[in-house]
Amino acid sequence: MAGIIDLILSIIFYPPIYQLVLVGLTGSLVVVIFIIWFERKATARVQRRLGPYHIAPRLAGLPQLVADLIRYAFQEVIIPRTADRELFVLAPIVATVLSILPIAVVPLTSNPAYWPIPMDYSILVALALTTVSPIFLIVAGWASNNKFSIIGGVREAFVITAYEMIAIMSILSASAAVLTFNLVEIVEAQRIWYILLNPIAFLAAFLSVLMATSGFPFEIPESENEVVAGPFTEYSGLLYGLNMGAAYMKRFAFSILMVLVFLGGWSPYTPGEGILSGYLIPSLIVVAKAAILMMIFSLTRSIYGRFRLDQALEGAWRLVFPMAVLGFGLALLEAYLGVM
Amino acid sequence: MSVWVYGEQKSELGLEGTITRKIEEDLYEVFIGPQHPGSGHMRIIIRIDGDIIVEADPDMGYVHRTMEKLAEGREWIKNVPLFERMAIQDACNVTVSYIIALERILDIEPPPRAKYLRTLLCEINRIAAHLYGFGIFGVFIGHSTMYMWSFADREVMVELAERLTGARLTHSYPIPGGARKDIPQDFPQAARKAVRYFRRRLEEYRKIFLDNPVTRKRLEGVGIIPKKIAAELGVVGPVARASGIKYDARLAEPYDAYDEVEFEVPVFEEGDALARAWVKFEEIKQSLRIIEQAVDWLERHPREAPIHDRFWAKSPPLWKKVFEAEGRVKLLPLMANMKLPPGRAMARSETARGEIIYYVESDGKSTPYRVRIVSPSARNAIVFKYIAPGYKVMDLPTIYGSIDYFPPEADR
Amino acid sequence: MDLAQARKIVEEALSGIEARVEEGRGFIEFIVSKENLVEAASRLKKAGFDHVKSLTVVDYKAEGKFKIVYYVSSYLNEDLAGVIVGIGTEVPRDNPKMPTLVYVWRSAEFQEREVFEFFGIDFEDHPDLRLLLLTPQVAEKRPLRKDFIVKEEPIIRTTPPTG
């Protein structure tokens, strides 16, 4: 009997399965549901209204998104006759899968038994994987064969070119400071959280994630008043839900990466031996921190409108990119002085 | 028609915008509307070169009701509820000039109390309409908080109007020779409370919207209409005043109590979208001042039937009893199919979105021979054609929101 | 400034052009011949009347004519802003044609389009004379002419009255 439980546990906590399915898919779904609820509630609070309420008033409308999800799941998926059928269906699915893929390669514990991949170049692999999914948003826009979709797709392309460099630069500054591409070593090296040592890089990373995931004030590719829903204009039902969810899942993946790099990963907990203390607890700490980070992301919605595309790009290239470079320089200085 | 025609017209007017390359083909034609979340009940056909609008053609008429023709088939006073449908949250402002035109033909002047009552409702309506405009503007540039706030606070003004007239919207309040209801006893306190509340809230609006760095960046320098061009295009209301034109129908030809109350007309020089937002913002403040003064005046002066003696003298005793008990002027049956003497009159009033003009012609029958309405949004629609080219596609909602274009009013 | 003063200014500006003056309540209008309209309008514009407030057409069916009046006023000259002055002409009802004033007052552009669709008056040389508000089917009937009669639609009961 104990053997069977052990077997099941070892299957569940086999790192690739655990991280991709449990943390990546289920965890991100739960976190996204919570975050969207939080976003709605926080925005509603600022805007002096109630927000989600009618589904389970005692839980303050928490299951609202579950209901939304069910609605999306059972809604008819309409594929326009003029659309490129295969790509139209494939693009959102691939984009969603790819946007949670970075979670499958990052360490959620310092215990080597529970690393999904060898960690030597993990930060590079994770960053590389974050750059794949946006391409499929452009594909989705193109396959829809709709003017608004294409304009939205082109805008997405502009925004990608602007934020990717910043995201990579600012997150890699940690590895410059610690002189390693190993995420575990980066986390372990943070006796002081890296956000305190290099706030400039953190700010640049924060802004680039907002841009990457269409957060306000950079909600430009999907800007409703100009391009209806951007690349997703023609989508309906589950495919639309996937598209919308993909942005949040991407934000979750980025948040986990940022937690590992800037917010000390699983600290203050020190992972020990065994599944519970070696894997489950540290990974939950990371997810919790990521959720808090996402809550901060979602506050911008109620404060800002959206930038114009050229203003966002100008801001990214003229302001945030030099900021990321500066952060990188600061990291090199810290490495030279041996701060970390 | 080639693209360049518009460009030439633009340079002929001395307009400066982004100079676009001359491209005859390969222009992307995008239909903004009428089923588009950023358009309202109208369509703007834009041709874009890259991200720059080279041609914009406003296509109106999706909510057109031929009011001018319908008015010819209705008795004079029954046109009031019809014209109110142009801008329901601005009902008093929109219809008061029609009533004034009728009064000019009848050659009567309403008693001062009626004038103040109308002024009071006009300003309440103006604030409600400006808040509506702010809300739409907010949602156009993605600022959902402004949208929610102004739509929630509009409720305060709508309820004030309800206390005064009995209806939340479409009050049908002014009638030839007067107004239909006196203020209830507890109105002054409620109005003053609302004014205090708005003074406080406006400060918060300024912080979150007008002084918000993102909003400022978005609005500054967008949709600039220089003074000379504003006069040439004949734009009205906040759009004109944001371009430095000191024109307000309330000043140019004071009607009702506007020559007695104190208020300023905010004029800005910049002529861009931000200036237009500021004009509206400052106008709300001035409207609050007028409301206070009107309420003070109404409180100081004794209650009397707010309607011209010519009608009031003819009303049966029951009508007078109703007025004493409820403060309500019951509509006289003779007013419903009243015949106006032959004559022609024009009147203008300043609605929230600008000046509205009525030309009324009577041939002595109980229905108008001709009513011509020129509403502010109809006159502002020309802005899309001449100002939008040269700006980016993402500026179109900004321009649209800042001129506060209201399709039902423009289409009539 | 009141209408009497405005009348003086306009009469001075229009000296040499024969004009019939008509006074309404709240406005004053000058009716000139079709040929003189553009010239008269240009002179008014020079006198400071810089925008068109309303382009009003009235169909006098009995007399067989349309009266087309451009009601103008001023933005830049604050004295003139208080008055509304009309400059207009009369055209016969059948096959009405008249010169456009768009090149004098750009603000008349959309209103001329509106008059074109509602009355079928052809503005010669108008840069962009298309339908503005109506669909082609409705515009063909020239809805604001007096011979277009709006029929009251009968209220049709689909269910028999109860009780």
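The first chain written gets the first letter, and so on, giving A, B and C; residue counts start at 1 in each chain.
In the analysis below, a residue touches a chain if its C-beta (ideal position, glycine included) is under 8 Å from a C-beta of that chain, and two chains touch if they have at least 3 such contacts.
Note that this is a predicted model, so its numbers are computed, not measured.
Colleague: Can you name the chain whose C-alpha mean lies closest to the mean of all the C-alpha atoms?
Modeller: Centre-most chain by C-alpha means: B.
Colleague: Can you tell me which chain lies farthest from chain C, using the average of the Cα atoms as each chain's centre?
Modeller: It is A.
Colleague: Please work out the Cα centroid separation of chain B and chain C, and write it as a whole number of Å.
Modeller: Centre-to-centre distance between chain B and chain C: 22 Å.
Colleague: Indicate the whole-number Å distance between the mean C-alpha point of chain A and the mean C-alpha point of chain C.
Modeller: 61
Colleague: In angstrom, rounded to a whole number, how far apart do the mean CA points of chain A and chain B lie?
Modeller: It comes to 46 Å between the two C-alpha centres.
Colleague: Using the touch definition up top, name the residues of chain B that touch chain A in the complex.
Modeller: Contact set of chain B toward chain A: 28, 30, 32, 36-38, 51, 138-146, 148-149, 152, 208, 212, 214-215, 217-218, 392-397.
Colleague: Could you pull out which chain B residues touch chain C in their complex?
Modeller: Spelled out, the residues of chain B in touch with chain C are 1, 5, 9, 13, 60-61, 64, 66, 68-70, 72-73, 101, 104-105, 227-228, 230-234, 240, 245-247, 252-253, 343-348, 355, 357, 359, 361, 369-370, 372, 374, 378-379, 381-382, 386, 411-412.
Colleague: Would you pull the chain C residues touching chain B in the complex into a rising list?
Modeller: Going through chain C, the ones touching chain B are 24-27, 50-54, 56-59, 71, 73, 75-76, 78, 81-82, 84, 105-111, 118, 127-128, 131-135, 143-144, 148, 150, 152.
Colleague: Provide the residue numbers of chain A that touch chain B in the complex, in ascending order.
Modeller: Result: residues 43, 46-49, 147-148, 151, 216-217, 219-220, 223-226, 228, 301-311 of chain A touch chain B.
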